[in-house]
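I have placed the structure first, in the form of structure tokens, so that the comments after it can refer back to it.
Per-chain residue numbering starts at 1, and chain names A, B, C and D are given in the order in which the chains are listed.
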Amino acid sequence: MSAFAPRRLLQRPLPFSIPRPSSAQASPLARLPIIRSAPCSSTSRQCSPDSHKPNDIDIRTYLKQSHDRIFESNKKWAVQRSKEDPEFFAKLSAGQQPDYLWIGCSDSRIPAEAITGLGPGEMFIHRNIANLVPNTDLNVMSVVEYAVRHLKVKHIVVCGHYGCGGVKAAMEPHDLGILNPWLRNIRDVYRLHEKELDGILDEEKRYERLVELNVVEQCRNVIKTAAVQKSYMEGGFPVVHGWVFGFKDGLLKDLEIGFEGVLGGIRKIYDLTKETKGN
Amino acid sequence: MSAFAPRRLLQRPLPFSIPRPSSAQASPLARLPIIRSAPCSSTSRQCSPDSHKPNDIDIRTYLKQSHDRIFESNKKWAVQRSKEDPEFFAKLSAGQQPDYLWIGCSDSRIPAEAITGLGPGEMFIHRNIANLVPNTDLNVMSVVEYAVRHLKVKHIVVCGHYGCGGVKAAMEPHDLGILNPWLRNIRDVYRLHEKELDGILDEEKRYERLVELNVVEQCRNVIKTAAVQKSYMEGGFPVVHGWVFGFKDGLLKDLEIGFEGVLGGIRKIYDLTKETKGN
Amino acid sequence: MSAFAPRRLLQRPLPFSIPRPSSAQASPLARLPIIRSAPCSSTSRQCSPDSHKPNDIDIRTYLKQSHDRIFESNKKWAVQRSKEDPEFFAKLSAGQQPDYLWIGCSDSRIPAEAITGLGPGEMFIHRNIANLVPNTDLNVMSVVEYAVRHLKVKHIVVCGHYGCGGVKAAMEPHDLGILNPWLRNIRDVYRLHEKELDGILDEEKRYERLVELNVVEQCRNVIKTAAVQKSYMEGGFPVVHGWVFGFKDGLLKDLEIGFEGVLGGIRKIYDLTKETKGN
Amino acid sequence: MSAFAPRRLLQRPLPFSIPRPSSAQASPLARLPIIRSAPCSSTSRQCSPDSHKPNDIDIRTYLKQSHDRIFESNKKWAVQRSKEDPEFFAKLSAGQQPDYLWIGCSDSRIPAEAITGLGPGEMFIHRNIANLVPNTDLNVMSVVEYAVRHLKVKHIVVCGHYGCGGVKAAMEPHDLGILNPWLRNIRDVYRLHEKELDGILDEEKRYERLVELNVVEQCRNVIKTAAVQKSYMEGGFPVVHGWVFGFKDGLLKDLEIGFEGVLGGIRKIYDLTKETKGN
């Protein structure tokens, strides 16, 4: 890992300079998409006290500056929006009517609205680690239910991305504590497609394919829901899509999961379209 | 609610015209921040068949157009980014080092990156219905764990917004099926602050205060985690912030929860800083 | 299903007679292991008001009697235990040191302690619908963690049973609301073994095999945990077993999952035995 | 804690002798109701290899014997049941019609069926660590839904017990990893009743009161569900009870939560009795 910090360069120009205290810097592992043990992370007891005790004044200054800068940017944004369209905020207050539900990764490099060109009010958004849709996760299940039955979205997009740290971390043989159960979902994807994945000799390509297959499986999980099955049967929507975002070119790749075919296959086992009285 | 659809106006100009089939339109309830039963929603059996059977050709055309338009926009975005900075995507590929974790609402009108002015690589993002952080929700707990222990973020922002449909829906006496358990968390917030809220006579103001108190309580939930307590004790960060976004002016309001004070109060009951061997 | 109520006969003799009000009786569907819509369940609006409004006095009397009877039985039990062993409760107070963790179904016909002959203090117990161990379910994950790392159990038993209502309900094409996500785990088991199950033409036998395969898959889920993998590597225990209980003969059937073989296969994808520093 | 192992004495006489290998014994902490770090637990690296490497032959012998003994006991139980009532298993096969739902602790010392005197088919059972009913826990929520809407139980019992290891562990300032989120629910109970609990100077009595208040709060969580509210409004049942089991005398204590009063208070904030069309 070079000393060159990519974060510094990626961000838009700051309104003022914030020198980052060296001791407060994210550990080198954070720059990689893979979780690794840092040689001397801040929670390690083997390190000398000096090496991980940041300079308190530096930290506090940095925390204040990096806090205040957001409010500066926010004010500028609000002024700019009003300038461009004096009724912008009046319309925003009127309500939302999104056609899209986006289920994407929490990764900081995928601003869903920007890369899709969608404006405020158009896309309902859920983002979690590795864009997962576990059967029994009430968080994402509530999102799908609300988006389909109440907002009546037309498209549900599950969007993964190559170089996903969550996907890579999931495949490392490490005990990550509270992260284990969540990441285990990705290993379940591996198991479902073990033969295909084991047949890919190049490690990078195998990860890329796992990223794709993870998206496909999460699409299946979305389609398994009663909300999606019933809404589609009654109204012809929503359609579920599996996409992958690539950092190298900024492009979305449509995996073309073949929604109707998947839905048909799922109906055999997961059909939930008949109502049970009294429930 | 006027027949005038705000969504149409909010969005950026489309590269081509997409006539929305009337039968595929989101039900009027979607425009309101409150979940209500529509007089003739697509799942209602009282309506005549004609009134809710959309014209299949219209729907399919609309679905295709509204799908393709994203890929058009995405290509333009990628070209534009490369023009502005030829190394943009090379830097993006290098990894993320975010200083901020954003826990916000799924509402389509709050593009977190845009309103904070943060660029790609700067903010790790989780969004769910009503920006909740339930104790036992592995989805958001995994996000906090990863952001604090692996990415070493400096700030955790819980950001609510006035006019939150989730908060209002939670307080309506309706059985919302699978949404009940999730929204019940908001009722728990109400219970914790019943006296204060009942003392606010104006209904709109009472909801606004509930939105704020919900943010404060979710901040408490974040601070209860072992990850935050330990990291702060060892390194002086992250700091947890409670903000509210207003549609009327586009501004972020800092609720100034007083992180250190809250942390101190929480430590009495929720202190998790001592390690237990062998776990 | 005959009008003959099996419950009445199964239970031990009551200390006094409790006439069950007819209107308060469980709907006929409850007697079957399959969830079905009752022709006139108490939540149905098509029924005449008389048919589902129980006689309030009858209900209240029945509720009181069926409540009080427990306390009568409990007192008798406590007296009996003390008679048999005057130090019984002193020992009970001293703590637990269970060798077994039982993960079984909530079904009322499987008293885990009785059918295994284990006494108080010997078996830590978790029971849920269809004895499931979903990756991301914190409830059962907490049970496994506590049992393995703190109580150091030697055996973990996942015990299913033939005629499981949860397993059958899961395969019916009905929208069961909040039950959908939980039961979907069973459909995932079906999908993993679709070919084998589809090859079984007799429906009853297919369900029986699904019950068994569900147990096998839940055993796998237990073995995927870091707690089990690490404890076994270090101490040679716990061993994970898959059993099925049969109502017809009251016998436990050992599915002989071949713990070490399964563990070996799982290690390839789910190995969590290496520690990551700083977590 | 004496070296005297209570487990040995509590259990019913074994059909054959199983010498427990000393190295395979549960760590001393397991005997206590409080989770503590053992001086030399099996996952600790500070211990010499000899001290925690059990004798493999001993372990394997013990594992086999403690496995086989269950099947011996099971066969005896089945024979005994058939002797007492030749139609016992035929009735068991006919289905379940339980009047009670029991939500209790996983603790190995509380055989729910035995202490209540209820027979097979009478009580649907869920047991987890510290008898919790978190809002968003799909495991227990599915149990409540199934028991109320499908089995139409008349009573729901939340039963805690004095000397609960989970409750004590929850209040210790230790990072228990994956157990943290689950146990945090108990700290939330503490917070809700901080004034009362802080006023109890005797630590043991404070814990006993926390055990009781935890039961009361979990009863509230049960009553918050739409299933319970609707069923009670329509049919006058189920009634929710809060009980505590005492190891010292084996008796159940009814906390007399005053179901109707609690329900009334909850209705103000948590009323879910109105149906929303189309959901």
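Keep in mind that, in the parts below, a residue touches a chain if its C-beta (ideal position, glycine included) is under 8 Å from a C-beta of that chain, and two chains touch if they have at least 3 such contacts.
These numbers were taken from a predicted model, which means no experiment stands behind them.
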Same-site or different-site touching of subunit A by its copy subunit D, using the half cut: same
B-C or C-D, whichever has more C-beta pairs in contact: C-D
Subunit B and subunit C: spacing of chain centres that average the CA atoms, whole Å: 37
Centroid spacing, where centroids are CA-atom means, of subunit C and subunit D in whole angstrom: 13
Residues of subunit C touching at least two other chains: 35, 42-43, 136-139, 141, 149, 177-178, 180-182, 230, 278-279
Category of the chain touch graph - line, ring, star, complete, other: complete
Touching residues (chain side subunit D, partner subunit C) in the complex: 1, 5-7, 9-12, 23-27, 29-33, 35, 42-43, 52, 54, 56, 59-60, 62-63, 66-67, 69-78, 81-82, 87-100, 106-111, 113-129, 132, 137-143, 145-147, 149-155, 163, 165-166, 177-179, 181-183, 230-231, 234-237, 239, 241, 247-252, 254
Subunit B - residues contacting subunit C, complex: 136, 138-139, 149, 177-178, 180-181, 278-279
Subunit D to subunit B touching residues, read off their complex: 35-38, 41-44, 134-138, 141, 171, 173-177, 180-182, 184-185, 187-188, 190-192, 194, 224-226, 230, 269-279
